[in-house]
Amino acid sequence: MQMITALSPLLRPKSVLLVNKLRTKPVVDAIQALLSYVWEKYPDVKVYHEDRPDIPEGVHVWKPGPDAQKIDLVVTLGGDGTILHASSLFKVGAVPPVLSFSMGTLGFLLPFHIDDFAKAIDSAFEGGAAVLHRMRLSCTFQDKSGSQIGTDFEEWQVMNEVALHRGSSPHLNTIDVFVDGQHLTEAVSDGLIVSTPTGSTAYSLSAGGPIVHPSLSAIVLTPICPRSLSFRPLVFPSSSSITLRIGDRSRASAGLSMDGQISHVLSPGESVTVQASLYPIPCINRSSIADPDESREGVGPGKEDDWVRDINNLLQYNATFRSKALLRHSRT
Amino acid sequence: MQMITALSPLLRPKSVLLVNKLRTKPVVDAIQALLSYVWEKYPDVKVYHEDRPDIPEGVHVWKPGPDAQKIDLVVTLGGDGTILHASSLFKVGAVPPVLSFSMGTLGFLLPFHIDDFAKAIDSAFEGGAAVLHRMRLSCTFQDKSGSQIGTDFEEWQVMNEVALHRGSSPHLNTIDVFVDGQHLTEAVSDGLIVSTPTGSTAYSLSAGGPIVHPSLSAIVLTPICPRSLSFRPLVFPSSSSITLRIGDRSRASAGLSMDGQISHVLSPGESVTVQASLYPIPCINRSSIADPDESREGVGPGKEDDWVRDINNLLQYNATFRSKALLRHSRT
Amino acid sequence: MQMITALSPLLRPKSVLLVNKLRTKPVVDAIQALLSYVWEKYPDVKVYHEDRPDIPEGVHVWKPGPDAQKIDLVVTLGGDGTILHASSLFKVGAVPPVLSFSMGTLGFLLPFHIDDFAKAIDSAFEGGAAVLHRMRLSCTFQDKSGSQIGTDFEEWQVMNEVALHRGSSPHLNTIDVFVDGQHLTEAVSDGLIVSTPTGSTAYSLSAGGPIVHPSLSAIVLTPICPRSLSFRPLVFPSSSSITLRIGDRSRASAGLSMDGQISHVLSPGESVTVQASLYPIPCINRSSIADPDESREGVGPGKEDDWVRDINNLLQYNATFRSKALLRHSRT
Amino acid sequence: MQMITALSPLLRPKSVLLVNKLRTKPVVDAIQALLSYVWEKYPDVKVYHEDRPDIPEGVHVWKPGPDAQKIDLVVTLGGDGTILHASSLFKVGAVPPVLSFSMGTLGFLLPFHIDDFAKAIDSAFEGGAAVLHRMRLSCTFQDKSGSQIGTDFEEWQVMNEVALHRGSSPHLNTIDVFVDGQHLTEAVSDGLIVSTPTGSTAYSLSAGGPIVHPSLSAIVLTPICPRSLSFRPLVFPSSSSITLRIGDRSRASAGLSMDGQISHVLSPGESVTVQASLYPIPCINRSSIADPDESREGVGPGKEDDWVRDINNLLQYNATFRSKALLRHSRT
């Protein structure tokens, strides 16, 4: 899978899905400004929104599912959670390119500030936008006998991670981990995280996992507070299939959350199997609107890596001890 | 505080509290054998038990609290959880020496195997038993205005740790940490652990904390899955007072558990203050019954350190990669 | 790149290179036995060895380099270091399949025990051996002006890692890290490791890096004792180019070692650039001789993963605290 | 040992030792200004300096050793290394209080900025300065037979740590660790660090150790790149005696450095024994000159903790991901 591609100028979007969770004043205003801009400049574009009472005027209702209206471009406004939610709307089939705007707070999944919307929209409509295909994971569930629970259609897709956690149970979980059907280990812990490279800077990072570049196709397994000195994060090829099975004698069930949404409780004997999804999320990158003049030496437009900036600016990666060296620290 | 002392032979126990949680056949049998042995050899000893329908014959009911019958020796049978429970029964005033038997599974807090009970009981009754005074922490609670909640009497005592955790809330907590009244940091995380040295091999270890020798007087602060690259475990002198206050804008409350028992939920603005307790738990050590002949060079009886053996045998501390070196690993 | 393939039965080796570092009695005996077996069963095979005074009878001298005699199969006897050495002999062009025997101690790179040599040799000669293409890294060096040092030919290839370290200098290094020409961070540390997935269980693991499955194509960057709380291991796609440049004001030079061999000292301003090599090492896998009867459920021969066994058996990955649970730990 | 005390106003210093390593213009100027101030305000004070050609006028030569001229106050100018050097001058007997000035760069051991020298000097001379007694470690050396090497007098004292490291040897060390004569573990690693609480923010921190408050009396053992998944930092009571013995079959010797100065090479069979020194270093604290008006709520002067500020300001402890939240991150 090629991880970074450019949007073709021929595929000018005809249908746009607008996704937002909050309805605060700045979000509402931003949506109005964005709609005016789009409709003035690209009058034939149809805009959709999830079904909610407060849907903006002129915008059509969109319902997810196998019969959903085809969407050419998704535009999200809000925090990282908003794009995670947008991802959850596309469970079957390919996902349209996603253009994500922050309302002020930075985020790993939020390449554009809302103030730059015109430039970003144009780049998406007129072609040439650089797209990072962020890998997703899909999950299926098995009962004690190992049989699939639910129909094929009810597959789940995550962008960050699938996490099992004891939640508010006082007791540790026992989880058997299988890789491609082979027993890897029995984890006695608070839980386990199966993460995409995108999710490697989310929960997995907090639990001690490595930072994985989102253009690598890989699956990360990170334990949460394991009762073992010798548990380390593991990185698998994206062709791997990881099964987490609650041990038969586990003292606790495990709540399963997907991208932070708790969805299932797995009881002893039940399992979840996680694999790379066939449908990554094409995310439009900041470098799409990078000003060639601003680019630093050796870094051409489109070549520049949002990720390098993000781990420095957002995570304060390797912030050295010396950066306040010149401050005066005792005062008369 | 002197951390290791010897029980005086003059203080032969007159009243013994028997603590067990499980009532499985091996436990019931062991209790019978132990009672017969004690009553035959030390006929004047009165044995107590918490109030339960299945209390053994000849054993008196004991109720915890400020007016509780005085106890000279506590004997526990079961896992680490049993001694944690025994500790929770002594919230006010000094704790009598504790003699702990495992039923087969090893534990950090379980120096004696039930099969060795005669030797261990004798050592406790006839003096000379080595006692490790395990530090405890006591907690008080404050409301949003900072006023104490509850009366002085309702203080809590823990042997392992006080832990705050988001539990099954999907959202991260924001917790302000104060040391001796000074703001230390704001933690955005799954939770925080304030641990004794004893507890440093329990939850704190799983969360990445250091292993602290139980004869050191210190308090360990360990974050659980912090959203920060630069959070590290901290070790404070036991004279420190640590306050954990749920941030006013925290998106989640935090469940507080003490030695693994969930007791309170703290809402935004509320806090818990943790300090070294005045009442450590005197735990009778394995070296009390060490056979002088078995002792290795340089390690006299009473000097030998259970802890060194435990971190090697139980935690498999620093198990090297070579220990299976002589195994054959491919077979014809 | 497909990471696991099968050796074709058509390509029966005509020339075999024998690699060993030690000349202990067991090694000499094993070589004799192996040679007898090969020559009896495959009489037309020519066997080579590096030029050393004690080369076995009937074996030809082999010299590495661009004009080296073509080799169809490499056989190594010894520790992990022996196969690392074998790798270093093939700096230019494709590497022949490698069959590695341990002399008793296990190793990640040593799938076969010497006692099983007949079965392993047959599987390599008669086809069907499963081969894992282990990624290598190649290095080039730049002077202060950024110009290449040395000719194109003098490229270096490593199987585990390239490591920069202050060595016995008392002072910390300052190293600038660039990814695809973009400045990533300035590392103040004892050193840095750029590792293959194979090397992720070697030095990088000791320095805190994740364990990466060897069939994933990726590059791991792990700091050695960084003066920063917020340095984490990073995992890059194998298409990345990583440049490590000693800072102009670095107080120390840095010794560069490749697979544990110290080769260069880089002074302030000098740099090394590391990229995936075009020439992985095809390593014959243990599953090549797996007995189908022994295979566990769901794991067909050739599908079974040496790596899963190795991280459990060799690294004692996630060895739980309970495995000695049934031992008796106090004795009368 | 009480860790924080106040200098008595009765003990006005009569003899001051000036310590600096660098002779840059700012240092020379600062020394002149400081000398003028001291001599004008406290004319009877005698000032000393180590023997160097460029000793300032009016300053006397001072030679370390058992017969050294008695010193009442040490004043250091420079980086953390300068105070480490000052510590190394006092190997026998009690150490006078130390007042340390930074020349601009912050440091954990550098409470005062040179611009504040008048205020700090006055506080030291006129009493009331708060003094933190920083624990030191002392070392003795043993040969293969276990006999002491050197005379009693040749004891070494460190303020940060004793570190063993393979240095530029390509091979791992094997080091046996003993605690109070009992074998704790065999470490196969790059090296080991035995650190004071003061040193817990130095090399030990880089190697993954916990941060220990300097007023706790404890010894930290931190491995450097161990070949084991299950090595964790350990914290011992200060009464412990730690012996590090190079394994008889260790493939490498180990360079021993004390506070960053390489001093010995230990060969297989040789050992170093580390214990708390009888002579801590009394370091004058920043709170000595804290302006009561500046103090924050709940933190009285003298109670305020430099350390809390330092781990936040210098180490950027737990710097959260959100601190740049309001920055705009894409620009038109």
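By written order: A, B, C and D. Residues from 1 in each chain.
Note that contacts are C-beta pairs under 8 Å (C-beta built on N, C-alpha and C of every residue); 3 or more make two chains touch, one makes a residue touch a chain.
What you are looking at is a predicted structure, and each value in this text was computed from that prediction instead of being measured.
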Residue-number overlap at the subunit C/subunit D interface, same or different (half cut): same
Remotest chain, subunit B as reference, centres from CA atoms: C
Pair joined by the larger number of C-beta contacts - B-C, A-C: A-C
Interchain centroid distance [CA atoms averaged], subunit C/subunit D, Å: 41
Separation of mean Cα positions, subunit C and subunit B [Å, integer]: 46
Centroid distance [mean C-alpha coordinates] between subunit C and subunit A, Å: 34
Contacts with 2+ other chains: residues of subunit A: 205, 226-232, 315-317, 319, 321-322
For the subunit C and subunit A complex, residues of the former touching the latter: 3, 179-188, 197, 200, 205, 209-213, 215-216, 218, 220, 223, 226-237, 240, 296-299, 303-305, 308, 311-312, 315-322
Subunit C residues touching subunit D - in the complex, by the definition given at the top: 165, 167-168, 170, 189-190, 203, 205-208, 224-230, 255, 257, 260-262, 315-317, 319
Residue ranges of subunit D in contact with subunit A within the complex: 102, 104-106, 111-113, 115-116, 118-120, 228-232, 286, 289, 291, 294, 313-316, 319, 321-332
